[in-house]
Structure formats: structure tokens, C-alpha cells
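Common to both upcoming complexes is chain A, partnered first by chain B, then by chain C.
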Partner chain A sequence: MDVFLPWRQPSWRVGRRRMRLPADFRWLLAAFVLLYVLNEANGQKKGSPRDLTCTTNNLQVWDCTWKAPVGTGHGTIYKVCIEDRLRSCHQIEKANIKIPALSPGDHEITINSLHDFESSLSTFILNEKNVSLIPDTPEILNLSADFSTSTLHLEWTDKGSGLPHHSHVVWEIKVMRKDSMELVELVTYNTTLNGRDVVHRWSWASDMPLECAAHHVSIRCYIDSPHFSGPKEWSNWSPVKSISWTPDSQTKVFPQDNVILVGSDITFCCLSQEKVLVAQIGSKNCPLIHLDGENVAIKIHNISVSEDSGTNVIFTTEESIYGTVIFAGYPPDVPQKLNCETHDLEKIVCSWNPGRPTALVGPRSTNYILFESFSGKYVTFKNAEVPTNESYLVSFEMIPNQEIYNFTLNAHNPLGQSESTIVVNITEKVFPHPPTSFRVKDINSKAVTLFWRLSGNFAKINLLCQIKINKANSKQELRNVTIKGLKNSSYRVAVDKLNPYTVYTFRIRCSSETYWKWSKWSSEKQHLTTEAIPSKGPDTWREWSSDGKNLIIYWKPLSINEANGKILSYNVSCSSDEETQSLSEIPDPQHKAEIRLDKNDYIISVVAKNSVGSSPPSKIASMEIPNDGLRVEQVVGMGRRILLSWHPDPNMTCDYVIKWCNSSRSEPCLMDWKKVPFNSTEAIIESDQFRPGIRYRFFLYGCRNQGYQLLRSIVGYIEELAPIVAPNFTVEDTSADSILVKWEDIPVEELRGFLRGYLFYFEKGERDTSKVRGLESGRSDIKVKNITDISQKTLRIADLQGKTSYHLVLRAYTDGGLGPEKSMFVVTKENSVGLIIAILIPVAVAVIIGVVTSILCYRKREWETVLLRHWK
Partner chain B sequence: MPLLLVLHWKHGAGSPLPFTPVNATCATRHPCHSNVMSQIRNQLAQLNGSANALFILYYTAQGEPFPNNLDKLCAPNVTDFPPFHANGTEKARLVELYRIIAYLGAALSNITQDQKLLNPNALSLHSKLSVTADVMRGLLSNVHCRLCNKYHVAHVDVAYGPDTSDKDVFQKKKLGCQLLGKYKQVIGIVTQAF
Partner chain C sequence: MDLRAGDSWGMLACLCTVLWHLPAVPALNRTGDPGPGPSIQKTYDLTRYLEHQLRSLAGTYLNYLGPPFNEPDFNPPRLGAETLPRATVNLEVWRSLNDKLRLTQNYEAYSHLLCYLRGLNRQAATAELRRSLAHFCTSLQGLLGSIAGVMAALGYPLPQPLPGTEPIWSPGPAPSDFLQKMDDFWLLKELQTWLWRSAKDFNRLKKKMQPPAAAVTLHLEAHGF
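Moving on, here comes the complex of A and B:
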């Protein structure tokens, strides 16, 4: 029996491979001969059918073929019998039969060939495991292209109606490019059969614009049936379907005006009839990829963000430049800081920050849709033409009787979309407009009413308003008030606790009572409150005139807070036990009055008047309480201040008063005065009138029962300076060895400080010498005397040389420094003893010489006489 | 473009006649100023003075490689640009000037519109385009006045450049650049001729 088992063929192939090896060749040849002999020995005759192979494409019908016996040809009849449950035989004229799929297990098939009255019989054992499952060649129903997105769309049917259910089918799709059909994509696509013909669709986005080159697609399939135990093979590839763009005459560059994500890879191509020389993106050259004909492409990796006008891509030919523009940007960022609020409870204003810029502007910029889910309403927002980092705003009409709003803000641009959500109770998000029509009206001198208008429908809420009150030289004050909200109405509120006759500046702003945000401040309104009577009498002092007959009454103007209005005049009166005397009204700004009084004790009363009324009177006694034995003290200030201190005196029941004046002024001397409370023990006196080097007198008065008693008298300087003049000095007496000098006091005005002493310099020197040297310290020939006893007014300089010229210099000094010098030249008298000696000695010498000469002459004459006598 | 036709040349747009017959009615809304020719010269000088700056501003705003490829991207190759003959009579030169300014005005309007979408942040460019368009409107009015009053020409047939609304962005950039390059070139010649 001749049995050919197709699955044994691999052994044959293995055998053939071994024969190629020279070392085993002899063994392989021997094995082949042995197999052949065995085959012949099994009775296989030449001319019987052989090589039965079966395949199936649907698992239901097996397609079996065999090789015809050698030497037979046309006219051979085969009788094929299949050992099945029902033995069936078929008589056919071709070496091929289609039989229904057999049940699992071995089946005997006999094929009897009849040719020229000869017959030969072959028997085969057929099993499902020996049958190959090879699907029919699939067919593409449609291949289309979306050139705008460079996408191919493929359609085909699985012909599932003719195949078993639930079989898994693997499709292999290959995409080829250019006329040379370069494979650019090979993908698998899995489906499952469901017993019906199903059309499958598959899309593929090309990395190169489809216009750039022809694209071709072919598919094949593989059925992976779990119940089929035989080998499974791929179908043949389907016929190729192609897509190509029909160019017009113009050179074109693709893609055109695309928007792309930054960092992407992209391919540009130029369909050209002429040779492309260079390709550039921006100013950067790119290597060319040659396509069919003169067409070229460039591939850009990791593209950078574009400028507003996009990134230019150009292809340069000999004649011209062709190009396209790509816009590389980002999808919209998630809207940040989304916030919804209302200014008027009529419209909701939502604001947000767009986040990272998309780098896409104009028609490619981000559009926003604000959607409210409860009402289903929405508003759109077209991104501003100019992208900024500032917030975007959109207005949404409020829905009547709806307080809770659930907003979703959707942002979208050509590269994607994003969204943010927010849920708000709009009555808690009130940010009113600034109050308008703001005005102020008086109630009284300490209260006003503020009026303003607030647009918006606030009838359902309470408003919290804040009033800002400013007045000159005072700290700003803020007051909060809560008022019932109204619809587009005016509001009013009273403001009290103000000062009379004071200029106030008012502003107001409002919020909801639940507070979300203050409105902006209203415009500013200045208002002068009305006048009230002065709150206190003027600060008063009095001095007696120099002749002691008139009392001069001084008072200080009231401060703005005390005057409560414009002071028009003052009333001064004096009263004693017997009478009261009033002066006529003294108009402001006069702050002094003189009244003739006797030395009785009077109480002086001063009252300030404004348009509303008079102040309480200020009273002061005309007479001072005497205090003997006061000594004058000295004081020097610090900076422009003088500090005075004193011991507490329990007898003093009303304010202390310190008055001061310039010491060089005549009486009554008064520059100013200061009152300090009776329990004080010190006071700092400062005045803009104080000047350095000027001596001031300060008087401290204690007060009891409106009568003042002088407690201390002080002279002082704010700051001591050096004297501006030198003391005048004269020479009282001169002897041969001494000089007596006398000097005068320096006037207080020129002393400019408390005198601390004098410096007296002297040296030998003459007036007419060409150079009078200065009195630099350290010179050994200058003698200095420091006179610290300021009461000393004379100085005797002893141990001088007689009849010698001396240079004398005198300077005064204070703690502020040395004053200028005054100098003079004095010649000491001649010494008389010496003179006498000088006269007497020559006289004595002359007398002695005369006497000696006389004696000698006498002796000579005597000797001559004797001699003559002798001769004679 | 049709809008421009209606706005500016509602009476004469599309007329095949280059000039109005001498006896045709020619009326202007206001009488021409006596120094209208002087105004025309001043306006031409103003345009000539700013044309180069506008050109530079434009091609700079288009990004690389425009500034470095002016010879190919911004060459003054403009189809159907109205001719100008500097040696013609004043009337002929005014008529040609009218056609040129009408052509440029329409083109400038398209460029402005394109650039506002493409370069919304290039405010300086927008401003310069707008000022140039304003001066051109005034110039057109003055030329019309002069033609009407002195030469009794009420209508001048005008032509426009190609419609760029359906062009891709690169084409719009390039055509705009070419037009402004042409404008810079022509306005110098025209200014000298007057």
C-alpha cells in the first residue's frame, strides 16, 4: 500500500541539507537508497496516485489534491472512497476533490485511478492534523486618504459568515510608499469572527504628508481557530491599493499651515518640477530626503516653539523659493485661579488665568466656553488677539432665584483642550461696584450724614460698608456699618463723634455682609463740620508794665480742636471784690490787652468768642505772691531745648508756668510761656525762637488759687558760643620790671555764653617790627596766664626787663570757645641805678685822671725847678 | 475686495473706460483746495519717506528666513501692477497714480487684515500699515479731486491684485512682502515724477 504522509516532508528536507555536508554524504546516499528499496519492497507500483495533500480555507470543506500516476494524463478517472461512518465514493476526472471536513481521527482514503483499462489503487490515512488551514486572500474594499490630517483609511471585510464563530483572526497590514513601494509600516490587527461578514476599518496617520508620495496598502490574514488541530498558515497578500495626490502645475510644499505640538517630529515635502537645492526651517538648513521625481522631503525632530507668525519652512530652487508655515505650540493649560463673582447680583463675572502660554495666536488661539450645569446655559470667550498673562474675564447673566452655580470652563485650541470647574454660592461672592454720587450733609457740629448710590440688585442681602475718615494731622479712622441692601438705590448713614469746625475727608466702600471683597473706594468728599462754642478759655498770662501802672494781659490763640470754629474776638475783664471792669471786645488776631490797675488784687478773665458762642473764661490773678531770696541760676540747653526741673511743692494747686524772655530786652520781658500740670517736676522748654549764643531768662512760677509765685529765676543759653569781642584792656602802670593791666567786662550780648575766664599772653616785641608773630601755643617765648576768676579785672605782670617793648594780648573765653584777641605794646621803664652808675663811673675816671695828671704835672714842675736851680 | 469696490469706486468700478469723456458730469463733494498738487506732492513724499521702514518692519515680522532671502521672497514681482510713465502729461500721470494708489490701497487692506490675524502682537507694524493706508486714502481723494476739477475725469478704471484670502499663510506672507517691496520701489519713482 502506498501511503504518502505530507508531514514527513520536513524529514526529507533535513536529509537534503545533510547531503550538502561532504563528510556525511556517503551515509546520506546509503539511507536514500535504503528508503527507495523499502518503498519498492512494500509493493508500491509505479503509476498509482501519490502525494495526497489537503487544505481548508473555512474548516468546513477540505480541498485535497494528489499527483497523478506517472504516464497518465488526460482521460484518467479517479474513484475516491472515504472510509467514514458512511463509506462514500466519488468518481472524478481531476486529481482534486473537495470533501466535507472529516471528524477528528484517522480516515482511510482510497484512490483508484483508471487509465487505458489499467487501474492502480492508492490508500492514504487522512487526519485533520494533516490538513492546512489557509484563509482565502482578503480583499480591500476601500482605501481613502484624508490629506489634511495625512491619514489613510482602510476598509475590508472578514467574510466571517463562511467561517466558524469565535475564531481569532490576525490581520497584517503593510503600508508602502513611493513608486518603489518602500515598506513604511507593517502592523497587525486582531479581530474575532462572529459568524457574519463584518467590515473592518483601520486608519493610519502618516508621518509624511500624503501629498508627498504615493502610498500603497496590502493586507493578509491568519485564522487562529481553537478547535482546529491542523497547521495554520497566512493567506496570500491582497492586491495592492494605492493613493496618490494629483498635483497641479504649481510647486507645493506640504503640510500647509499646520498646528503641531512643540517637541514633535514632522516631515515636510516639496513637490517640484525643478531641482530643489536647499531646504530650511527658519534659518537652519536641513538634509534633503529624495522622493519620486524631483520631489524632496525634510524631517524635523523635536520642533521648537514658533513665533507669532509661525515657523517658516522653505525649499529653494534655482528660480524661486517655495514654502509653508508651521505653528508649533502647546495645548491650552488648565485654566488657573478660576473665580466667579458678581458686582451687582445681576451678572456673574468669571475670571481665570490662562496658565502657560500656548504660543498660538490669532485664529489658532484658545477659545473658552463657560458652561453652567444647573441651568444648562453657557457663554463663549474668544481669546484676546494679544495673549497676555493677565486674567481673562467673561460675563454670565444670572438666573433668577438661582444662587448656586456650577461652572465648567472649557479651553480648547487646535492642539487640545482642558477644563476647570468651580461651584459658587453667588450671594457670598459679591464684589460691589464703587459707590457713586457720594455726598455729605451736616446733622450738627459733631455729626454728618453720608449719601451714596450703589448700582446692583442687593435687595436680598445686607451690605457692609466701611467709611474712611481723614482729618488733617490726625490718624485715619475706619468705621464699619451694616445696612440693608436695595435694588439700584441710594443709601445713607450717619457719622457721629466728629469734631466741630473741622475739615474731614470721607470715602466709602461696600461689601456684602458675608464679606468677599471690598468695592473700590468711592470718590473723596471733603467736608467742614459746623462750628460749636470754644471748648476752653485761652491760655493766659500777665505782666506788669515797666512803670508798674498797667497790667498787660497776654493769651494764646486756641488750637483748632479747642476753638471749635473761627475765633472772632476776645473779651477781657478784671474783677475785684468791689468791681468788675470789662474792656471792649478785642478782635482776633490780637492776643494782648493792657489795663490800668491799681495794686489791688484783681482776677483777670479772658473769654474767646466764635460765631456760636463764648468759651469758658480763663482766670489769672493780677498780683504775684512774693518770694524773697531767690538767686539766679544758670542753665545750658541741649540742642534747641532747655530742661528745667524742680522739687514738688504740695502747696501748688494749679499749673506751673514757665515764662522766658531774651535777657537783653527791657521789662516787661516776655517771649512766651508754658503751663505744665501742678504735679509735674520738670519741663522741657523749646521754641523756634531760641538762638545759640543768646542769653535767655527763665522764670518758674508756682500757682495756688489763681495766684502765681516766682519760684526760680534762671539764665541760660540754648547753646554757648565763643565771645565775639575781646575785652577792652588798658595799662594802668608800668615800671622797669612790671606792667599792671586792667580790663573791662564784655557786654552780655557779645559774650554769647557764660564767661569762664581770660587768657593773657605776653612776649617781647615791638609794634613796628615787620612781623608780629601769632600766639601759637607751644612757643617758649610766649608766656600765658589763665585767669579763671572772672571777677578779677587787673593783672600785674612782673619780672620784666626795663626799657623793653612787650606785646600783650588778652582774650576771653566761654564754654563755646575762645573769643578774639586784643593786643597792645608796652615799653617798660629804664632802670635808674644803672643809669647813675653809668654816669658816675666816667665822671670818676675823668676826675681821677685829672688828679693824677695834675699831680704829675706838679711834680714835674717841681723837678724842673730843682733842676734849673741846680744848673743855675 | 468687493467691499472695497463698493466703498471706494461705487460709481466707476469695473468701467472699461480709462477716462470720463470730457463732457461727462464730474462733481466732487468739496471743492479742491487751491494747493491740491502741493498736497499730493507732500503725501507722496510722506509715503516715500516711510515705505522702506514699512517694508523692513513687515519682513522682520514674518520671521526667518525672510530677512535673509529678500531677493527671492520679497522681489517686487507683482502681477498686474498698474504701470507708471514718468514722462507723461500731468493728466496721464495723475490717472496712473490714481490706479497705483487704488491698487496699493486694496492690497494694503488685505495685508493689514492678514497681519492682524497672523501677527496680533506686531502693533508697530499694524500702526504703520494703518498710517500708510490713511495717507493713501487722502492721496486718492486729492488725485480724484485734481482729475475731476482740472481734467474733468470723474472715473478711472482700476485693477487690483490677486485675491489672497484663500492662499496659505506662506503665500500671504510672500505676496505681502512682494507687494511692499514693489510699493517701496514704485513710490520713489512716482514721487520723483511729481
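Moving on, here comes the complex of A and C:
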């Protein structure tokens, strides 16, 4: 009780008078009275009991002690009387008494000590406020350690059965480390008493593995009873409980093989009998923290992510090396893009992206559980590999008659877990396998049946299938069909509106009718449809032979779409009112027939035949209606095509025909022809045979009353080129100041365009020098004459110098460009007038100079005579 | 321990040996029954090839184990790995080995090492590492077959494991990841030492099998150990 502060000393007073004063004042008064009484006790009553102090540990019994009078000892008897509702007295031999808790308020306590027939009496006033509440020292029931998690578990009882209900209890727990008992943790723990003995548990996770050093725990408590007005104090600390690691032979470094979150702080320790020289994590050295004995620890702050095999922590001693591996990673990310679908309505395939890599592989990698809540079934998945960017897949067996699935994908690893959910109506998430066993069978020349097999139980849904139809030189066609689904069955569908005798390539893919995804395309199948009779007769033309006795009939092969099969032969017949001539079974590669006819009017009929039958006849009249006065026109094409146009002619009742040929060919010349409807007024002529620089002749025929009349005759080029030769030219006449040049026409084949004119160059020059200098433009000494009148065949060059060599060059040109040059050197004849002038002028000048000199000399002699006279 | 690639001396020695033994190639030497010489030569060549292959594999695997295992000066004491067959032997003892014992020790060592290597392959976390290990295991299996061929040619029986003894050297999981890494490290180191020793063994055998007239000593210096 010596530790009590003065204000906690029990207040007491002499006499029975009690003053009713305000509470604050009462405390002040009590302190004053205490000082007085102490003085009295020391000065006047040194032989009586003194310093009565009372404490309680349960609020029910007060434990009061006092100091014995001076000089008394063994054998002293105390008579203690307590003035309560009932006065009770106790006779005891010790200076200590346990009394039941007194009611609130002051109580007079008289202690009469009897020793050696002497008695002394002391009176004390005792109030609850003067009684200290000091709980019993608590006791730790159990202290255990979970070394794997470095956690201490503490158990103790609050002994609440002996304490008032509803009192708050504050527990203070201290954790100490090492033999030197360094305080590492001091925490408070609050409980409430409930009238029963309750065992409390408290756990503490150590930042250092528990194996590293001994850990000690002690507790104390403080009861905060609301109904007790006296001072409350902490209990004593409980006896210390300790936990130590019992070292085994193998493990020296702790923690072993732990998995922790990237960025965490972690402490490693090494239990060693010898001095640890170096500690390192990875290749980085760490400062040592010394523990008991030679044991050391290192502390790693903000640990970085580990490699696949973990991060190595090494402690090196003189003799050996000890280590552990730490795996710093991340908890699993929320599975992303979770998607569930079925290929066959038998199994559900769920895929997801694992998100951020955890950096944990092998046994520490993420485990996935796909749980379906309606059925309660689940499947698991684990990828022990180093993760890649690929999605994870897991297969879930479908539940019969269940369409709606509520999936939860739970991902967990040693650092945590996450989950994603998805609810699917699986009949709307059908992604069929690619159709197999795909084949094609003919129905007729325009229709086939497609067969294929689709694995899966689609009996409850309709399938939407798409057929891809390809044929050469044609746009791809897609056709959709809806069919009733079946279970692991073959399917068939008819495809019509095809062309006969055509190679088609078919492919098919399927989806559910409530489209989710198309399957992959099946393998492709090529199929040739069967033949049909040719749909039309061949395009036909006729020409009379040059002698006018034979009619040559031409026809074009039918296009693939028109032939409907392989054309085997043609039949040709010529009918007039009087006779009919026929040519049968003309084999296919031949597209021309010649029949000797008189000049009657015939109708020529041509029929194409394949293995199925004959085409409708194609008819053309042999009659040609004359047309005089046609002039030949010129035309130039644009980009390998030539546009011909004409005025509409109401007399023309059937097709127009344009035929063309190479102009250099002899009659009958026919390269090709083209028919255009009678109401057309223009036609574009195109042909792969057209070549630039070649002159073609075009003939436009109009059809009238089954006879053809030539309407226009045209020559033209699809593209003009420059001439490939120069015109041959000769000098017809030469004089002293002029030259007459004459040239020839260039042949049409070498002209390569419509002749637009000639360029004539001339200059003074000898043979050798002019050649070197060429005819580059801009030279002022070259004179050029552009002859645009193409009918002109001669040119006189005047104003030349006599007896001078001239270089003459001639070039032809078309709209395609300038042709090559042809050159010649000509010397003009001598000019006689000029020669005479050249002689006369110097003679005349010499005579004039002589005359002038004579005159001057004569005059000078006269001047000298006059001067002499004057001086004299 | 030097597991770095680039041992040009080794390659040079290999090349020299191959050139030296060209006359012993059956196609070039038709003087009669070639005896076990060619198969010993083949085994020797395979050993040198495996040494070369191991340098590459060890580099990859030690990088996988992480620092300090992949540091050139990392030289830990031999912890655990007690069941690994030791290649190190006293020089006098090694010289006094007879051919049968020499070959038997090689055969047994590679049998055990192959078993350990397959365990290593199962633990490897990456597919690429597993492929490399599987490739090396196949080569090592070839060496084992080659040694068996030499023993058969010399008329020595293959060592048979005693009943019930096989599990003793079967690799089991180490008590901790760190000790497992140490085991892996020592496995690679021991393997390299064995290959070096085998090259010496087969070179010695080869010389013994050659006719005395052709006996020319070829000193091969191996560096890095």
C-alpha cells in the first residue's frame, strides 16, 4: 500500500459528526482532516493502530490492513468494530481483516488493540471511495505458436464468475522477444464480464518468424466497474509464458518456401552455431540483425516480384551455406472475359483470360474452380505452366434438361482469391464444330443436294446453316438455310438455281438459329453440274468470198453459260425459197463453214449441239443491200477500245452489226464482229487482238428486212504511234539559192497512225559536223518548215547561199509522235553575179584612192609655193 | 565450378581426337576385325558432345534457379545431394581401376544421373526448359547405351541393381525448395565432372585397345575444373 498516492489514502475523521457538504468541498475537507488526524496520531496516539488501508479484488470483500501500534507485536489482539446498519465486532490476532463490502457512504471502524493488558483505540472512517479495486493477477492458460504462419495464440480466463456483471475489463498484453526480453508488442484487449469464467483468445502475427528467437508473453488487467466509486488499478503482470523453436537438423533459415505479396516487408533469420558472414537476397547483400547467440536476421522491405523458381535468400558462414526460397507474387486477378459456350450441347466450354500474371508457377500457381450454382457441380483447372497470353479453357459436362447455367469461376492461390460470374442460356451460346463428311449429289442440271455431318446433340434447337457457293469468274454467293437440329446426325439441303455444266465450289458452316457464332467452314467440295441443252444459238455472221460464189458462214463459240455443256458439233443450213443446203456435224473447234450458193436470198441457220441436245437455231440473211456514196471516216480509240456512234435509223428493224479487220488484210477480211440491238446508237468495240499502231477497218451494218446494208466504213487505230520509218526524199533541183525536195508516202503499216504532217529541217553544214550536232530544239541556225498539208509531196527551199553545203532532214509525224529522220547534204550552185561584184568593188576602191591621192599631192605643191613667197 | 560455354580447348581437343582416330574408322582401315575400338571411340566422341551440350543446358538451368546459383564464382559446399554418384576419385585409385570396373562405374553413374535428370525435368516450370532437359536426357540415354555396347564388346556383363536397392538412389523431393535447388546445382556439377572423367576413361581405354605400334599418346588438357 506504500505506492498509494496521497489522495487515495483513506480519509477518516474523529468523532461522529458528519457534515453534509458538496462533493468537491468534501474532498478538500477530507484532505484537511486527514492531515490533522495524522498529526494527532503521530503526536498524541502513537500507541494505537494506524494507517488503515483497504483494497478489493472482486468488489464483494474488502481486505483491510493497518499498522500495529508501536511496540506491539506477537500476541496483540485486535477488536475491530464496524459501524454499519448493524454494529459488528470481530476479534482477531492479525492486523488484517476481510470484511464484506460496505454500502456506499462513511462507516466508522474502531480498532482496539489489546497487548499486555494495555489497550489503545483507533477510530477510522471508511468509505468505498477509499477502497482500491486491484484485480487478481491474471494467469495465462495457454500460449501456443503456429510456426508456419508465425502466429502466437494466447488463452486466458477472466474469472468473471467472481466479479460483478457487465464490468468492462481492459487487458494489456505484452510480447517480448529474445532472451533479453525486448518488448516488441504492447496491445490492449477489451472484454466485458458476464458473470461466468470466460476463456479469451488472442492471436498475434509476428513480423519475424517465431523460429528466429524466443518469444515471451505476459498480461495484466484493469476492471472498469461502473458501480464502484473507489480507485481502480492495474493488476500485476502475469507470469511470463515463452515459446521457443526446437531446432531440427535440416532447417536453418526461416521462413521456408513462403509465398508473399509483392511489395511486402519480410524478415528472414538464420539459426546458426557459427558466425554468419554474409546474407544476401538474390545477388544483393543485406545488413545483419543479430539475435540470440550467432543467430541473425535480415529485413527485406518492399520485396520485388520473384522469377519462376523463386527468390533465393542465402546466409553464408565460414563452413557452410544456408538458404531459403521466397516466392513474391500477386493474388489472382479477377478472371477476365469469362465466356461459356458449347460446341455440341453436350459439354460447355468456358474460357477466360487470367489477367495480370501472379508470378507464381508450379504448385503455387492459381487454381480455378468453375462452379455451377443450380446443379451444384464444379470442375477444376490448374495451369502449372508459366502463363502465356492464351486464354484458359475448361470443359463442363452439361446437365440434362438444364438450359440456364449460373457459373462462378473462383481463382485462388496462396495469396488470395477472386472470382467472376456469368449466367448463360446455353441454347443461345452454340458454336458448332465444323461440319464434316461434306459431299454433293446432283438433282438435275440446275440443282444439287448437299450432305454433311454435325456432331452434337442439337435435337432441341434449329440450326442456321450458311452455304458458300463459288464459281469461276463469278461473285461469291451465300445462302442461308434453317434446318431442324438432330443428334449426331447427317443433314441434307437442296441447292437450286445453279447453272448447268458449271463447276461450283461449295462450303458450309452452321450456327444455332438464335445466332451466336458460326462454326468454321467445312472443307470445300468442287462439283460439276450436269449438262442441259444450249440455251441459244451461236452468234453468226456471213461474208461472201472474194469471187462472190461462196458464202462463208462464221459463228462464235457459245459462252459457258449459254452452252450448258460441252459443245460437240454444229449444224449449218442455208434455205431459200427454192432449196436448202445443209452441213451437219461440224465438229466444235471449227467455227466457220463455206457453202457455194447462187445469188438468191438465203436464210442461214446455225445450231450448236451438246450431249443433251441442240440449241435453238441462230439465223441470219445472206442478202446485202447496196449503199453507194460512203466515205471512209477516221477514228482513234481510247485505251484499247473504240467508240462508234451513229444516228438512229428507223428503217433498221433488226440488229446492227459492226465487223472489223486489219486494214492490211485482203478481202474478205474478218477479225470479229459485234451485234448490237436495233435501237442502239453507239457501240464500244473492244478486242484483245487490237494492237496499238495497227490500222483497222470497221464496217457498220444495219439490218433491214432480213438483209444487211453497209452504213459506214471507218478506219482507225486504238492508239496511234509515231511512224517507224522516215519518208524517202530526193533533191529534184538545186540552184545557187534554192533546193527543190521531193518525198514519197510512207506505207500504212509503217506509218502507225494517221499522218498529220512533215517536219523539214535545213541548216548549213558539212557532213561530219552536222551529224554530231543533231537537231536539238532551240538552235537558231536550224530552220524548220512544218508541212501540214499531207498531200504535199515537194518543197522548194529558197534564199540559200550559193556554193554552200546544206544539211536537210525530213521527218513525218502522227498524233502518236515524230518518226525517225532522214537526212541529206546538198551543196548549192555557184552565184556568178556575186563573183563579179566581188572583183569590181576592190578595183573601184583602188581607183578612187589613187585619184584622191593625186589631187592631194597637187594641192600641196601649190601651198608650198605661196608660203615661200610670203616669207621672202 | 565452371559451367560456362566457350571451352575452346575442349572443342580443339575433340577435333584433334576425331582427326587422330580417322585411321581407326572401319571404312578407312580394312585390316581385319576392328574390335571394340570404334565403339570406344564413338563413346568418347559422344561424351565430348554431351560435355558441350551440358554447358548450354547448365547455363539455362542455372539462370532459371536464379542468383546466386548462376553467378560464376558461386561455389557452395556440398549440402544434401549425398546420393549423387561422386565422380571425384583419388588419382591412384583411378589409375588402378581395371577396364571392367571403370566401365561399370561409368554405367552405374549415368544410370543414376539419368534418373535424377528425369526428376529435374518433371519439376521444371517452363516448357522450354523441359524440352532442353528431355533432349539432354535422350543424349545421355544414348551414352548409356553406348557404354553398354562397349561393355558387351569387351564381354563384361551389365551391372544389375540388387533387388530392393533401386529406390535408394531414386530421387525424392528435397525438404525445401532451397535444398532442391542445391541438389539441382550439384547434379549439374556432378554430371559435368562425370563427363570429364568419362572422357579420360574412354581415352585411356581407347589407347589400351590400340595396337602398340600405333600407340601415340595424345595429351588432352581439360580446363575449367
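Throughout what follows, the second predicted complex is superposed on the first by the 711 of 872 C-alpha atoms of A that agree within 3 Å, B and C clash if a C-alpha of one lies under 4 Å from a C-alpha of the other, contacts with A are read in each partner's own complex, and residues count from 1 in each chain.
We take it that contacts are C-beta pairs under 8 Å (C-beta built on N, C-alpha and C of every residue); 3 or more make two chains touch, one makes a residue touch a chain.
Being a predicted model, the structure only gives us computed values, none of them experimental.
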item: Contacts of A:S320 with chain B and chain C, given as first, second, both or neither; value: both
item: First, second, both or neither for A:M824, with chain B first and chain C second; value: neither
item: Chain B versus chain C as contact partner of A:V253, first or second or both or neither; value: both
item: Touching partner for A:C81 - first (chain B), second (chain C), both, neither; value: neither
item: Which of chain B and chain C A:G310 touches, first, second, both or neither; value: both
item: Residues of chain A contacting chain B in one complex and chain C in the other; value: 253, 256-257, 280, 282-283, 307-312, 314, 320-321, 323-325, 361-362, 385-386
item: Residues of chain A touching chain C in the complex; value: 250-251, 253, 256-257, 280, 282-283, 307-312, 314, 319-321, 323-325, 361-362, 384-386
item: Chain A-touching residues of chain B, taken from the complex the two chains share; value: 61-66, 68-69, 72-73, 116-122, 168-170, 173-174
item: List of chain C residues in touch with chain A within their complex; value: 64-69, 71, 76-77, 79, 123, 125-127, 175-179, 181-182
item: Complex interface listing, chain A residues touching chain B; value: 253, 256-257, 280, 282-283, 307-312, 314, 316, 320-321, 323-325, 361-363, 385-387
